[in-house]
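Letters A, B, C and D mark the chains in the order given here, with residues in each chain numbered from 1 onward.
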Amino acid sequence: MSVFIDQDTKLVVQGITGRDGSFHTKQMMQYGTQVVAGVTPGKGGQSFEDTVPIFNTVSEAVQASGANTAVIYVPPPYAADAIMEAAASGVSLVVCITEGVPVLDMTRVYAFVKERGVRLLGPNCPGLISPGQSKVGIIPGRICTPGPVGVVSRSGTLTYEVVYQLTSAGIGQTSCVGIGGDPINGTNFIDCLEAFERDPATKAIAMMGEIGGTDEQEAAEYVRDKMKKPVVGFIAGQTAPPGRRMGHAGAIISGSAGTAAEKIESFEQCGIGVAKRPMDFVELIKARLPKT
Amino acid sequence: MSVFIDQDTKLVVQGITGRDGSFHTKQMMQYGTQVVAGVTPGKGGQSFEDTVPIFNTVSEAVQASGANTAVIYVPPPYAADAIMEAAASGVSLVVCITEGVPVLDMTRVYAFVKERGVRLLGPNCPGLISPGQSKVGIIPGRICTPGPVGVVSRSGTLTYEVVYQLTSAGIGQTSCVGIGGDPINGTNFIDCLEAFERDPATKAIAMMGEIGGTDEQEAAEYVRDKMKKPVVGFIAGQTAPPGRRMGHAGAIISGSAGTAAEKIESFEQCGIGVAKRPMDFVELIKARLPKT
Amino acid sequence: MNLHEYQAKDILRRFGVTTPQGEVVTTPEAAREAATKFGGPVMVKAQVHVGGRGKAGGVKFCTTADEAYEKASNILGMSIKGLTVTKVLIAPAADIVSEAYVGIIVDRARKKPVFMVSAAGGIDIEEVAATTPEKIRYHAVDVRYGLMPFEALELGFFLYQDAKLARAAAKVMQQLYAAFMATGCSLAEINPLVVTPAGDVVALDGKMVVDDNELERRADLEALRDVESENPAEVDARNHNLTFIKLDGNVGCIVNGAGLAMATMDLVKYYGGEPANFLDIGGSSNPEKVVNALRLITADPNVKAILFNIFGGITRTDDVANGIVTAIKSNPLKVPLIIRLTGTNEEIAMQILKQNGLSASSDMDEAVKEAVRLAAAASGGTAA
Amino acid sequence: MNLHEYQAKDILRRFGVTTPQGEVVTTPEAAREAATKFGGPVMVKAQVHVGGRGKAGGVKFCTTADEAYEKASNILGMSIKGLTVTKVLIAPAADIVSEAYVGIIVDRARKKPVFMVSAAGGIDIEEVAATTPEKIRYHAVDVRYGLMPFEALELGFFLYQDAKLARAAAKVMQQLYAAFMATGCSLAEINPLVVTPAGDVVALDGKMVVDDNELERRADLEALRDVESENPAEVDARNHNLTFIKLDGNVGCIVNGAGLAMATMDLVKYYGGEPANFLDIGGSSNPEKVVNALRLITADPNVKAILFNIFGGITRTDDVANGIVTAIKSNPLKVPLIIRLTGTNEEIAMQILKQNGLSASSDMDEAVKEAVRLAAAASGGTAA
């Protein structure tokens, strides 16, 4: 079992002939992901690696291939349009890897995908993986192994670090989801926690947050109020200088400066185990997994 | 009983100090409508006829007065904004009397009110009346009398004519609803038919359509497929010269030229009694009302 | 309000659409000059607000400047569906690889602007819709987001296989949409959108209809109105806030409200008469409006009887009565007058009419029958 | 990217906001000239990208041109929070009846631009939020519709009872919103928005922060960048596609990915050390980036040990190893180097390092501990 993607995931890759798109498509295919179509306007009719048909538009690709998930590797100025194209095409999950999407673009995109009930992951995220079943995005497959832990994180390489530690210690994962660190993203911690709580195979959750915003605090309250499964959390940025990103007005609106200390305190108050170091996840999770 | 408005309707009037607004507010108050607030930006704090408090914004007015319905008498260039202000203020019904609202404004407005689940009647409509209970808009109160007939119409004075005939013949109305004749309006025939079908007091429905569009044809199919109550219909414009309004491309999109002949045929095919003259409603309705 | 082809093209050009820069002229001499200036073959195109001007002989291809002079002489002054041609557009003729149709219209049912595009352009889109509907693609635009790049490109690929052409067409879609929205249109069309041998995508004809409701707040659009090319009586009516459409019958109708006006005309027909016009004096009445309405109706020599049908709601029937009295005092009627009045201030109105030797009914059916009868009698009488 | 006050005001003015037309000068003489030209009293305002310049003495009121000369002399060259003032804005001082605050920011939680307005302007909005939160009104804008006239007017009436002022403020809200959207901002502020004795509503100060992600597609915005006024090391880093923030510790950190970089710094702190910087080499590695990163770190004399922490995903660890070897060959390090590498092409990377006499760990915890230990030892050593 897993969340968001599994062995039935049928993927269309937007920007399949680009540098990043072609590299990671090969990686995903190697991992076993069903890549059923690619999109590059003007290359419709060709094929990728002699196996994956390429289309001019996502809607054509989805109609022809039955794809239910789209992943986006297109340059930032075109990413917002690519997300909306995917959301309008009929897929139910859109994963946007692209980094550097203007935030005002995302205000439109967010409204658009919500109206359609489509799940967006990202932008500026590493995607997700359900070990042994499917991988969509750029998370290195070999650091993961199937098992009972759900992983959700705002950052890329920090996720890898934690997953690597878990796997090294023999603790596998149901799914690892990178939600991305941009100010406006499609899926937040709560969405993932909800999914993990529902997934019978997930027995414990590892959550990696960062300074900025209040997503982690809201997630903590959600854990306290709605969840039965154990959660272990970490916040990166205790030593980061304050006020580099959003300035003061942002803190006023959110009612919080979004510091690591605040977030850790809220974890503690809501019964979330706090990992002081990335490597502490191993022992904390182990202690919370049901004994077999 | 009635549809959309009744004795519990609490009305806020937008443009209450304007020429039309003040005249019709007095008429509505005379009829017995609960006019609980008015809005004219800059006149907040004053009162209308020494009894109705005036506010600067609709949202203030609704919060202070508990209004659940808004009626709009503001000039056409400001009407779209006024509708959206009303829809955002918390009322559940917005009636826009204003004639001449640009149609592209209405494309935005329509999406806006639908998102909020607010019912819009109009623009360019005479409003509605539930005889003996409440009147919102400009339909002359004295031509109506309570009774078992639901009236719905695209035009103003033609509605008066028919209602006048019915009343003169001793046939009263549950509600008379003028949906307006603009290309994009908030409430259509089907919405009203649905409401009349659900209203236990309504025993028969009189429906006045016009040339143009396909609303009447869709309404006819609705009558055939979903309604048990009898409906009598009339189409104005049999002698109107074709092609004055929407041209050919519009007809292609709607799949119909919207002629009176087409509409009358569709009425006949769907079991709607056809009034050849406005005055024919009296006999046709009488024949369809349950004998008491 | 219909714009002329040259006006529509000016607007499209401002929004980035490539369209041949023509010249509007009013004399054959100027047509020759323009053709000489352009050098190659030209089109001479009547600028009138009616469809089917090509079939009516209002559009001609000319290989020489002298031919342009000659064709312009024929077309200028020509009458197409009742409108006299006073302007022709001289535009360089283009070589064409393919012709497509691109249009936007506000759709009542979808409550949105809807694109219609077809690779079968150049001909009447109605014909395409009737014979090969699968050749038309519709796309409703969500105005909250506008036409998105991916949507424009989907339409582009529907027209052209070639990615370069598809992208160029997508750009035209966005430019057309921008022009449509900025100009407050109810319709905007490019037909044909052509591909030239050089691979350029070019609008050879443009049509725009501006929503009349935009004009009040948009002086820039109102300024595009070409009064000369409209029916003078309708212009006169509009200037006095009346809606007037001239028809061929002999019963002049003056009514308040479009629905009741149409129902009145239908009833005239029902009783064997023919309405001479549609005339809506609208909601808020004043005597002045009635005077102007009577002036318009009586200017039509076909009118043999005049029928007022007024249901007073906002309209005060005493205002209407006063208007009638004022009008016939200064300008006595030569045809019978039948008045039906009911509603607001009905008693006062009846009183006013009576004091001035006029009578009125409060029954629509009666009044219409009477008007039809009198018009028939008068027609019979004058025909004798 | 922060814009200077004068740049923000130029943009606001272009969108219709009334704001005093000042002059940016770089010398006291020019300040005097500008003040003379304006005639009345002026403000001399440091143009630096930090908050609190007023409290730091960077904003002065002057009644005469000579005073403007004097104050400009004091402010130019002054250091405010580490940044040297090279430009001052000379602006006519305004008489003020009242001061309000108007700002827009992109809100993470609501996923929308959010207005914050308060009649308690002029002072720090943070203070208002902390002490009298009821004096602030928030309004989230639905970007699909934009800021609607009624919404702007609601905000206007929140600031002013008087309808004329409320309407004027509503207009400013719409202009500010338009400027915010068109300039791709993450923040735009007018503080104070003042009412003058004549009843005009005027922006006396303006602040705009442009979303860095807009700059790639917007050369016009990138052109507003004032490189002089930024930290040179951070400019250098940006020019090489690195994200670098200078801190006060002695352990230099080079990491791929912002989250891992912060976690690494936190771990340095956890083991008793102090990070000297935040440095993210980003996703796609190339040896060149590593060379530039090392150059930036070694330029800081505080750095006593350098720690690489690379988790190869997209980043190829062999690229990083090659970068390290290249860099230290041409520029031998004077401080200890601790390398942690794991992930993509780890074996090749280890081989490259070994061949060049370097070693690496694959364990983050070990590597961080070692770096902290070595930095402490080196600091102890050099302190002796």
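The definition used in the following text is that a contact is a pair of C-beta atoms (placed from the backbone, for glycine too) under 8 Å apart; a residue touches a chain by one contact, two chains touch by 3 or more.
Treat the numbers as computed from the prediction; the structure is a model and nothing was measured.
For the remaining chains after leaving out subunit D, touch-based grouping gives one piece. Between C-D and B-C, more C-beta contact pairs join the chains of B-C.
With chains reduced to the mean position of their C-alpha atoms, the one farthest from subunit B is D.
Distance between subunit A and subunit B, defined via averaged C-alpha coordinates, is recorded as 49 Å. Distance from the subunit C centre to the subunit D centre is 57 Å, each centre being the mean of its Cα atoms.
Put simply, the C-alpha centre of subunit A and that of subunit D have 28 angstrom between them.
Within subunit D, residues 144-145 each touch two or more of the remaining chains.
In subunit A, the positions touching at least two other chains are 108. Shown here, the protein chains touch in an arrangement that is not a line, ring, star or fully connected set. By the contact rule set out at the top, the touching chain pairs are A-C, A-D, B-C, B-D, C-D.
Note for the complex: subunit C touches subunit A at residues 145, 148-151, 153-154, 157, 163-164, 166-167. The part of subunit C that touches subunit D in the complex is made up of residues 144-145. Within the complex, the subunit D residues that touch subunit A are 51, 103, 105-109, 111-114, 116, 125-126, 129, 136, 138, 142-144, 181, 184-187, 189, 209, 211, 213-214, 216-217, 245, 247, 255-260, 262-263, 265-270, 275, 278, 283-284, 311-315, 342-344, 364-365.
Residues 20, 76-77, 99-104, 106-108, 110-111, 126, 138-140, 143, 153-161, 164, 181, 183-184, 208, 210-215, 234, 236-241, 244, 246-254, 260, 276-279 of subunit B touch subunit C in their complex.
Listing the residues of subunit A that touch subunit C in their complex gives 41-44, 56-59, 78, 81-82, 84-85, 88, 108, 112.
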